[in-house]
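Labels run A, B, C and D following the written order; every chain starts at residue 1.
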């Protein structure tokens, strides 16, 4: 096994038990801060597998059992990592109730993050709902970028406060532009841009199709159900033009050109 | 199905969700109070199946799953039920951490309790460890009785405060008489007495053998692993001279004469 | 949600699993309240054998995080004892009675079937075939040929509905179900418990259960039940009683969707004696039928 | 806690379960740290087939309260791809390599066994027999005769240790193990996953998994593994690799007590990639080997 040239920031081998040091809410979203002073600085777009150190299990149908994947949303100089969580099931429910004083198990950083814009293109970041998370750290790294965010309604749009200066669309028009965030994106596709998107599959598919139509490169941060996060289970595959790839090791960021469709 | 003459206080059909209204500790024992104003007054020696209403499961190996059996230790005029718990595993651990504001599921009262002393005999109550629980309510009902309690050490003997006036033995002599509680009992077996005992099997076996030797009647409150508590699973059997009996419906109090041995 | 099953009209599709509810003992504990609020639409007895059985030595129970293992060993009063003592009491139940029987030879089972088939208190019979045939050594319910031979031997002895209770501990319950169907069964029920064991934490190398091995039930076997019910449904047209780990309405719904006609609640009754009625109600009200807290559209879906 | 297994000397008794740890992918994620702290005393590959396989359509995973169901569908590069790309990388691992192979006919398996048997990087072979024989339609590993025939066909092709990986989805894994032993197997491993499925919460009646049914692993199958290992031990003298739901040292201890010689950790590695080493350490230190918090004497015992 010859040492491969790493195409990503490597994770320390083994999960580590880390203290929760902050919890803030932005509308329905919870920003969880975890102190990871000895951990490496993740690449923007990388993720971590998280589980509560206590009481992981015993929720609906006894779940959660496996850890859950979350994009690293921000890293502070002291090693503090921020995650943006939305409570959608037993795993996120449990993580959303953690408070400073509780611990998490963290494995990461994992996966391949965003690549720099090709040929000096102008980055445009597009997020839907909790898909805002990886765009925060990517915007930080880029030193700021045009950011377009779509939310269901004004309540959810409270999450937009996490990216100051972002433009917002809501499905019901209760905040910002009424309509899909792709409508805001369409207006940005004139010049030499590269699009970075994260959000629900229908939004990503709309972004992919739109960028393909305008011949604009795009990098999409996808999701899929993951058991392990480090290539062990082959559970997280998504179909690409080259067949299935494991999102946890070959993604979560995939080049839009590699995908026929986001399903 | 002709209505049988009830030989016990019947339980309402169905478990009921009841609030915890008190929690006190006596050494290693936790006294949990549950408000059950609408429930029937249990017979001394009857028990209830308890489970925490929240977070029942998710402990060691994902347990507990089934409810747990506990003797009713006291009932107050307002329907408040007291249970004396010792943390010995995931079920008792969870119940011991409950506080006022939490709820429990309770099914009961269940089983057959103590019978009045035969022929006006003088009752002598003998308890070992958390086996004190059913003796408390029985002592109340008898209007006081000679009570002998055995504990491992002085720390555990803190439980003796639950029965004012009880005489105590400890294995290590750190409180009361040094030695087994059966040594205190031996001194009581002179006259016409009836013994009521609850405690670990070796203690109950010693009580049974001693009483048999002295031709003194005894009623023993036994334990066994129970899944249901109402005769459904056939899991809680103990061997008697007449074969196996289900402790949850034919006990938990059995006449010592019915047993060849407490194993 | 009244349903019809093998000619029986039932108030709702939830019955008890054999051996997990003793209506006579429950009457002692709960009195007449049990009859008023009887949780099941039919009552299935614990397994009855020709001769009385004491059952296995304790301990008989081991708790799992998601269920339990039992080695009860089918204690029962035997045919005569059952006819004399239990049947009259069970006749007073407000629902039809299904008697579950087992024997270690086809003749034994035939005797039981004939005896119960003659009694008007008995609405149907369930055959517990999780038993080795003393003659062939094969588990009757694990082998299609054994099951066929058993059905041929017992079918002539009653016109009452015969439900064959399949074991999950074989390569293909669907093959066994097909044999049962071809040889005159009126319905199949599944799953029985899954073979399992636990070690005694205090005696290294020794099994905990008095019977050595036991049967797993409860949520741990739910996914097994679902797949076996679906496989059996793909092979037979008979009505199916589905069971295994049902705790909520949506678990019953899954089994019905997989092809069951009735659903039995077993282990969950130990946690909640009224579980049968609760599951029936959750099912009827479509309560709790969705697994996740949030609807699909607004979140990042999980299906890559 | 060094152990010897089929002539291999291993540092401790904990290996990985096939298909639950990809050392090459893990190297991409963790770099050389993986090699330094390699958690297993031997590395078992994911199943390799003659031709490449894409695997099943997603979703491939369903979470249970006590484990998971997978329908991965054995994606792999096929024999040639594996020899060309994977084998050289795996040769750098600090532990012996056991290659797991599967084929839908005895000839396919023989080809795989011969090809890998010739490679000095390969210390032993594991035969995944949870596969239908395309010729007979029978699941190779569910039938003693099929397993015997398979062993007869492949045994002549290598002198390397052959481990037969038994399926739990049959009436008697012990019968299959006995056939494997009689026909030249060097060891058996068990259990593979238990057949199960889940319904899609959003599409009533439709299975969740892309493959329809899947295999249950994790704590939910631990009691099944324990009983099958014990049954197999009672029948064969071969070394046994026991697996199924091992999360802690005491779970490994239980399997060893039941008759296993090695223990494999599978699903737990998904939760904790270092689980193999942790379990080995817990086992060596007799940590966590007792289930309950308090010693027996001072409490009211539970054994009535």
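Here is the rule we use: a contact is a pair of C-beta atoms (placed from the backbone, for glycine too) under 8 Å apart; a residue touches a chain by one contact, two chains touch by 3 or more.
The structure displayed is predicted, hence computed values, not measured ones.
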Joint neighbours (subunit A and subunit C) are B, D
Quick one: point me to the chain whose Cα centre is farthest from that of subunit B. A
Counting only Cα atoms for the centres, state how far subunit A is from subunit D in Å. 34
Centroid of subunit A to centroid of subunit B, CA atoms only: how many Å? 55
Hunt down the residues of subunit B that sit against at least two other chains at once, touch-wise. 57-58, 61-62, 224-225, 236-238
Shared-interface residues of subunit C (touching two or more other chains) are 58-59, 64-66, 219, 291-292, 302-304
Work through the pairs of chains, note which ones touch, and then classify the graph as line, ring, star, complete or other. complete
Sort out for me which residues of subunit C touch subunit A in the complex. 65-66, 219, 291-294, 297-304
Could you list, by residue number, the parts of subunit C that touch subunit B in their complex? 19-37, 46, 54-55, 57-61, 63-68, 70, 72, 75, 88-93, 218, 267, 269-274
Write out the stretch or stretches of subunit B touching subunit C in their complex. 1-4, 6-8, 10-15, 51, 57-58, 61-67, 105, 107, 110, 224-228, 230-239, 243-244, 246, 249
For the subunit A and subunit B complex, residues of the former touching the latter: 55-59, 62
Over in the complex, which subunit C residues touch subunit D? Could you list them? 58-59, 62, 64-66, 69, 139, 142-143, 169-171, 194-199, 201-202, 204-205, 207, 213, 216, 219-220, 223-224, 226-228, 230, 250, 253-254, 257-258, 290-292, 296, 302-304
